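Just below is one structure, and these are the notes that go with it.
Just so it is clear, A, B, C and D label the chains in written order, and each chain counts residues from 1 on its own.
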């Protein structure tokens, strides 16, 4: 019984590790030492110890934003298999998954608009605009997977993908992985879509939305972002190398290293690319969407 | 006014949390409308039962997690200072409520991206000279579907209808003509 | 006797065509009166074997009603309203005649699609009845004077009566009741209304009655 | 048997009495007397569950019983309203009006009993005659024009129906003389031997003829004029009672077709007329400026629905019977309150009527509720019946019909809403230049009771009524 909850536990505990890994990779490419691997854990602890400051113009929506967005990613994480093991799964849960991500985004955007600040409004606007492209892409990918695996449950879709190891499916797999990778970058505010390290409000997307959050609320937001990154990387890892069964320790190790690999790839991309101009971002996302669409046409054939 | 609206919202919430309880009831109403046989209806209920109970469970888990996080934040903030301040202004202190981030600002980016579809109207008077007297900027994106598709369609059909309305012109002889033509047409069609 | 019936039926059609093609109202009323008399004689020729009192009563009643009473009423109406001619027909008289001929053809065409009832003495009854009905409608539709419309209604009724004669032997009572009631409705009530219209509008032209419309 | 005689004779006798009464103020009460007697006799038929008959020509069957009950109930409602209405119109002598109303009741009762096509025709003809003076009650040029058009078109229609009746007789006696020609109970068993071409021709003529009376497009042209110019009370009786009688005539015709196995011929015609009427109503409802003419087109629409239900058969037939009841009751609400509004504002132009809720709170509320009911919105009975007909269409898999039906209903809803909502709400005009009478008990209690009845039919159909409607539907379907 308790063992079913192990994937959840792993997610909750290991999620803040990934941003640290990305930063380490970037530092290595830049020839720096960089922040420690566990930096985010320290940040979260520090933030939790602080008090809170709320803007006078905000309402309860502002305070609910971080909680709801964190809760939605945590619940969404329940459906995502880790090394073939899922906490909770039923037919149709992909739709619940996508909607939970959407709900989290919705509340973050609402909380940003609730501050009344133009900067945060602009960030919200950008976030929503990019999701116009990212969400259909995600759905199209799910349609392809549902079609290929004949299932509507995320765990079965990811663990039983017959794509891997079949040469005829290699092209399809490449298309899916590429577009999902782009979605992953966009959803998690990574370069080239967004730059988590920038501090100029006019160019930020996600960071600017949470400018007014501080203390435990910011901790919730950062933690939520890391879980989201973890979840998306887990999905990518499963797509690249589906696994099921086997001894938990062995597959866990393999899967862990796979996830680390994907994370490092993200770090490499971040080091190698510059942030795109805001106007160009939709084009990238559109391209990902079209590629996914193309893949869907292929899979439906 | 709050009570009826609130009770309806509450009912929606309850139906979302335990859809399994409601589905057979609503399903029976739906079965009365659709020409489904009783057997079909039973299978539909049986097949959708687990799915609905899972959706309900999911909603409950979600609410539980929200409540838990709320309690955690409360515990963390216990005994600490919760201050009130103004919104982060990024160094500019002259912000007045007039400088609001409006709905059209919010939509500006996607409207720009889909400008070929969005029919955006911009009316701007830029400031001129060193001491500009005034400046105006106004942008709107009229509802394209309504203005370009629905309204012309409705107007077209209303115009068409008003030509048809001339059939009722008050001349009783022509009314009788309709009858006559109709009866002859029926004879040719059916006899 | 059958030849005589044929002659009567042909005269019915000719009366219709006469009404369609002429404008003095008095002449039209006389033509319809003659048509009524011809129709009154028709049952005696169509059912020669069973010349019962019943048939004689029908014949007498019809001749009296359609040949004398109703034409008399109509004459009185045109005297009161001081009109002589149908001055403003909606279509010309030649076109009216042409349409009348087309309707005769149509009547024969429709009748040809229906099997002849075995107990009918003359094969012309059904087509003549149908074309008379249609020509009556044509008169109503094309004439502007309300009085002419009443006349057209009378012709329409004559057509129905002609058809009813097929059944006169088999279904006694029904035909008479139907036709009499209808004539009552059509002519007497219409006559009353025409009087009112004359008083209210100062004219009995249908052109004035176009106020109610969309 | 005596019951039937009484049902027909009571109105005639009371008509004689009312003709003799000199006072215009007291004469309308004779209507109530006749209506109460009539209704109590009909109620006794329900309680005793008797099926009386006089000979074979006049007898009560389930279909006739439903129509008779509707006639009786609506006439009772109309009579109570008439007392209030005529009291306000004492400037007009009402002797002819009251007498004609009572003859109308008698003639419609005969329609409900008659089992003979000839007698049915005579009775329907009599209703035309009785209703002409009703339409001309206002004695002005407009009402005269409307009466003339009504008389001319309906007379031609009824003449065609007579021709159709003759055709039917030929079809019946084609194989030789028969007993009880045109007598429904005698015709049904031998319907298989009717001459098919003559039956088809008879069907077309009778459909057009009685369709004129019922107001089906394209024979509906008299309706907007007549309903627009007649008092609301008369509009109510024509749209609720007379059309139901004409519908019964179509039902009798359908029974013969059903027994002769000719429904494949009849159904498309009925469906065509039904959808055509709904379409015409939808077209003329949009941009309508006169609220009484709007009600006339609504009547065309509902006659179309009835015919469509009859044409679809099966479940839809039951829906059509239910719809006949609902339509009659709901039309009462609308026509009577429209009459009140007309009396008060002295105009029939919808754009000149504003804020009825302020001026006539009861009539305004009832008018609005009547609009909601007549457009088939739940919880009123018309929703149930229109929905039943829709189910019938879906059950047959006639998706084209379903689309046309729903499309017309939607357009009509929009068209009516545009008129009614603007009338009922808003600020009333300020010019207080002699506004007409306010609401009174007699002029609002009737529409209120009728509305309550429509509501009840939407929520609960009593078993005895359900049973009767089923029996009427079975009669049409030729089932035992």
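Keep this in mind: contacts are C-beta pairs under 8 Å (C-beta built on N, C-alpha and C of every residue); 3 or more make two chains touch, one makes a residue touch a chain.
Bear in mind that the values here come from a model prediction, so they are computed numbers and not experimental data.
The interface with the greater count of contacting C-beta pairs, when C-D is set against B-D, is C-D. Distance from the chain C centre to the chain D centre is 31 Å, each centre being the mean of its Cα atoms.
Averaging C-alpha coordinates per chain places the centre of chain A 90 Å away from that of chain C.
Remark: chain B and chain D have CA centroids separated by 41 Å (rounded to whole angstrom).
In this assembly, the C-alpha centroid of chain A lies 67 Å from the C-alpha centroid of chain D. Of all residues in chain D, those touching 2 or more other chains are 148-149, 152, 156, 197, 201, 224, 284, listed in ascending order. The set of chain C residues that touch two or more partner chains comprises 110, 113-114, 137, 140, 149, 209, 211-212, 214. Shown for chain A are the residues that touch two or more other chains, of which there are none. Pairwise, the chains that touch each other are A-B, B-C, B-D, C-D. Contact residues of chain D toward chain C in the complex are 118, 121-122, 125-126, 128-129, 132, 136, 140-142, 144-149, 151-152, 155-156, 158-159, 162-163, 165-166, 169-170, 173-174, 176-177, 181-182, 195, 197-198, 201, 224-225, 228-229, 284, 288, 293.
By the touch criterion stated above, chain C contacts chain B in their complex at residues 90, 106, 110, 113-114, 134, 137, 140-143, 149, 206, 209-214. The part of chain D that touches chain B in the complex is made up of residues 148-149, 152-153, 156-157, 160, 197, 200-201, 204-205, 207-208, 212, 218-219, 221-222, 224, 265, 268-269, 283-284, 286-287, 387, 391, 394-395.
Remark: chain B residues 50-51, 54-55, 58, 61-62, 65-66, 69-70, 73, 76-77, 80-90, 99-101, 105-110, 113 touch chain A in the complex.
Per the touch definition, chain B reaches chain D in the complex via residues 33-35, 158, 161-162, 164-165, 168, 172, 175-176, 178-179, 182-183, 186-187, 190-191.
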